[in-house]
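Shared between the two complexes below is subunit A, which has subunit B as its partner in the first and subunit C in the second.
Here is the complex of A and B:
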């Protein structure tokens, strides 16, 4: 009896220990080490003989007159996140609604094709779109000039156009996720609800507003929270499409800005401080968003 | 009645039109990669929009294997991805089980911290771990990159596994122990096979995290012989004029297995993603 409980405890201990080691290694240690770096003067010259300098790096984040500065990049990141999420959800839910109609044939085929942008590795998406935005040989300009007779656009050489190009790429690759989530939610809505609404003579719009949207909302809210965090944090697309922030560091989001500071300019302390600022922005967003959306959670019950 | 049928026919036609237009938009960039990979060397930069270029050839594919260390990168990438997948599956399946079934010190805090990592900006893990790897002299080693990839993929995988185990009733283990299994056997023989869908997602997620990752690899692997596929791909792209065709061919080879895996598993992937947050 005694040896049995002992063995049970040993078993639980053996299962839990790896979990703790992993958590310590991938969450706790990097987090606190990052805090320490952010309070230090660590950079390429002081990688081993660094010392704690207090909040200097944080002051630099908010006040340093760099080109572009923190506030510019922050505003751009907000625009990027909002525009992307808006189109991801709009296009995704719209396509899910269209695809979910019972008259549509070949659903599986359409679904497979429409999921492709999500399935192709992001690196390849980014580099291929970068090629497509090339001024002379890229297919976007070829389509504009050859099919529509419009002038070609210098996509990657001007700040505004480069930012638009990055957003187009990310909208393309992001809508399938929302579409698949919305499709799953739509399929779980009981048919009787629509039949009852039909008997009452409800219009298409009324059914959308009073049945469909309230019922897919509890599934979409967490997906949108997740999507917002992923989009806000997406380093791959902006880094690779704009080729590390071209033209002249005008195309940056907060994450790519940190990456550049840390790994191209070796400003480790500054990069760590900026990382922590970004983390708190995201944490504040998630907490408020999840608290506000709590109200919608019990729609099903 | 006739009018109603007419509006219905119109709605269905419009729906097909919408689906076809969006399918073309989804397909076009993917077809571009094929087109580029088939272009002969003298027409790499072309202003034509044909999908199958004139004088299409597989020379780019041949050149990848004969003139470039592509096969080596393929082997490197496969090796790294398999090690990361193995680590991910072993650790996430056991840690997730511990979180699902047992009470222990700071369990809630642990679970919460797994969620919070999803809000970490990429550099928040990257920078401290990079400096740690520098200090441990693990830069330019596969051990270094495997640690990095496992660290980024694990929190999500553990969370996902825990969510799946939660849906399996504990009475199964109880029944198994009554039948004479010890606790480890109950987990290994009864619960783990039932959790196969979640294990598949964990494996896919870890594999993809390693197979197509560029920004971390570019910092850690420095010698050409050590490179993984994504770094090689990027090096072709940087040279847009002369090596654009190689880029296309390499992309096709890298993408095909991923797309097949993804399409066949996408249903499970979505349920795995939403399980943690939605219990409908």
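Here is the complex of A and C:
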């Protein structure tokens, strides 16, 4: 190896080292440390003298009776993720299609308004929605009762209604992301394809089905995958809107369940095991979804 | 050339923090606390006075949310880091002591100095002193708007009667515009006075929960009654809703803690503070939980800083500084001489605050308290939602608390 090649390699190495150090410090090391903790008995009483106990914590995750019940929380988390993603994509893509029309005037203004939910800090959004869901003073019930003559809904006091309330909040918060991504994807579709379809006499629906959807898919699938991971792991909205799981711990997701176990009850080993379980659920989903949706395949061939 | 440039950049990056550090040789002391903005302003003023007296010391205060402070301090201290001083209510002492992350203080402060303080300000746990407090209370009282409530109720029946008089549909639209009383009644901490008023308490001396009691059942039923039968409180109220109702004059009374009074006065409300009423059936006062708020020292504090940390705590707990905070915040001081001062004895709010403290019970500092709070919440809220009876709730709270304590301690 001559000195020029060696210098070139050293140069490349030096460029990579800072990123590697950061990645190792903030991703690799914490992940493996979490794995180790998940195999230990670390908790309030064994915070300094913890030891490896094998898969005990994983067994507890799946078998220990808990309040709220682990499997119920798991099912709720799935429902939460699916419903949220469905509306994020549906509303996001719909608005992107509307904004992508040539005839629409003042697009920049509409785009800015529609992106607003995304720009407001989550804490403010969550607490504002919480106030809006108040039984007596919230604007939602005032609209229902005074404009439509319907009875007020006990949004935050009943388990089902509270769950619907947190989903509504997160749908409102989440659609701008999908809209922005879908709009970017729509704008990258060559216009000639639509012109050719028009010459062939294709209807709006045919163009949507055969041009728009296939061509935005490579962009939307990673966005949906990311959206799924974010939504599945979303602690802020559920925690703040439902005031830490109210009523009666009925609005927990797996991630708030982990938070409670680790930080409220100092059960670090159990919390770490549960977080590894969540990691594998999301890993399995992401791999399957990416493979089945063929998102990585080239759509132009 | 390129390699040389990178080496230069990395070298400069590594050198620059060192240069900055070299510029300030002062001893640095950091305090973590969870106090609201008006308390922070006073603390900063006092810190600056301390630094003016001791130019060789730099003190920084850092605000953290309650949970962030607790978990952040645990993580930092276990890693051998963290602030030198952690400030907050005494209930964090139990977990901190169990994890061995705070120092025993009885050997660090002179006995004569400690004796100058109200004994309730000194938090002892398992034979050691772990916290010295500059404020006593963190307690709930009945705060009333004097324009609407000239004389505060002293019994539960008076509370209901005044509440009924005040609760009204003022504009005739069929909706209640003003309630007699409001408070964050979904939170178990605010339920404690009613539990004690009916003779209950959360745990026995050995730290075992005592939630399945007549006191719990009667307390729960009382709250349901004043909401559903007497209708003197809103159908649904968290802390913010109750606070806004009171500030807007849409609630004549609110159950709130000593942290709220200064804010109400600043908002221009002519408030009075009274102890929570006596329950006629039992003859017991609704006793709030009382907790000191004070300073603990990180077990990792460097030897060269220890002297200054102690000096700073002594300074912040001095007569002048306690009186300053008391005058602005109406919090109960812990120094006996300040408790006996003219201001404290003559101030109506502080006089009534003292009575409420005397009716109260000290908040336990054992780590199991956390499990008890969390076990109370689901059933308590289920009673309010009408999905459980008070008896069922009391039984389930107890069972859940026992299970959670076992899980925490396994």
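Keep this in mind: the second predicted complex is superposed on the first by the 280 of 301 C-alpha atoms of A that agree within 3 Å, B and C clash if a C-alpha of one lies under 4 Å from a C-alpha of the other, contacts with A are read in each partner's own complex, and residues count from 1 in each chain.
To be clear about the criterion, a residue touches a chain if its C-beta (ideal position, glycine included) is under 8 Å from a C-beta of that chain, and two chains touch if they have at least 3 such contacts.
Remember, predicted model here, so these are calculated numbers, not experimental data.
Following the superposition defined at the top, how do subunit B and subunit C come out on subunit A, clash or fit?
After superposition on subunit A, subunit B vs subunit C: clash.
So in the superposed three-chain picture, is A:15 touching just subunit B, just subunit C, both, or none of them (first/second/both/neither)?
Both partners, subunit B and subunit C.
Would you check which partner chain A:128 touches, where first means subunit B only, second means subunit C only, and both and neither mean what they say?
In the superposed model, A:128 contacts subunit B only, not subunit C.
Between subunit B and subunit C, whom does A:240 touch in the aligned arrangement: first, second, both, or neither?
Touch status of A:240: first partner only.
In the superposed arrangement, does subunit B or subunit C reach more residues of subunit A?
Counted on subunit A, the partner with more touching residues turns out to be B.
Contact-wise, after the overlay, does A:282 reach subunit B, subunit C, both or neither (first, second, both, neither)?
So A:282 only meets subunit B here.
Just subunit B (first), just subunit C (second), both, or neither: which does A:263 touch?
In the superposed model, A:263 contacts both subunit B and subunit C.
What is the contact status of A:248 with respect to subunit B (first) and subunit C (second): first, second, both, or neither?
Once the two structures are laid over each other on A, A:248 reaches subunit C alone.
Contacts for A:136 in the overlay, against subunit B (first) and subunit C (second): which applies, first, second, both or neither?
both
Contact-wise, after the overlay, does A:222 reach subunit B, subunit C, both or neither (first, second, both, neither)?
first
Under the stated touch criterion, which partner chain does A:272 make contact with: subunit B (first), subunit C (second), both, or neither?
Touch partner of A:272: subunit B, not subunit C.
Just one of 127-135, 145-153 or 199-207 in subunit B runs into subunit C once the structures are overlaid; which is it?
127-135
Determine where on subunit A the residues touched by subunit B overlap those touched by subunit C, and list them.
In subunit A, residues 11, 15, 47-48, 127, 130-131, 134, 136-137, 263 are touched by subunit B and also by subunit C.
Report the residues of subunit A in contact with subunit C in the complex, numbered from low to high.
Touching subunit C from subunit A are residues 7, 10-11, 14-15, 41, 43-45, 47-48, 64-65, 67-68, 127, 130-131, 134-137, 154, 156-158, 243, 246-250, 260, 263-267.
Where on subunit B does subunit A make contact in their complex?
8, 11-12, 15-16, 18-19, 22-23, 25-30, 32-33, 36, 45-49, 91, 94-95, 97-99, 102, 104, 110, 113-114, 116-132, 134-135, 150-152, 154-155, 158, 183-184, 208, 211-215, 219, 230, 233-234, 237, 240, 244, 247, 251, 254-255, 258-259, 262-263, 266, 270-271, 273-274, 277-278, 280
Show me the residue ranges of subunit A that touch subunit B in the complex, using the header's touch definition.
8, 11-12, 15-16, 18-20, 22-23, 25-31, 33-34, 37, 42, 47-48, 91, 94-95, 98-99, 101, 103-104, 110, 112-125, 127-132, 134, 136-137, 139, 142-143, 146, 172, 176, 180-181, 184, 188, 218-219, 222-223, 225-226, 229, 233, 235-236, 239-240, 254-255, 258-259, 262-263, 268, 271-272, 274-276, 278-279, 282-283, 286, 300
In their complex, what parts of subunit C are in touch with subunit A?
2-3, 6-7, 10, 67, 70-71, 74, 78, 95, 98-100, 175-176, 186, 234-236, 238, 240-241, 367, 370-371, 374-375, 377-379, 381-382, 384-385, 387, 400, 403-404, 407-410
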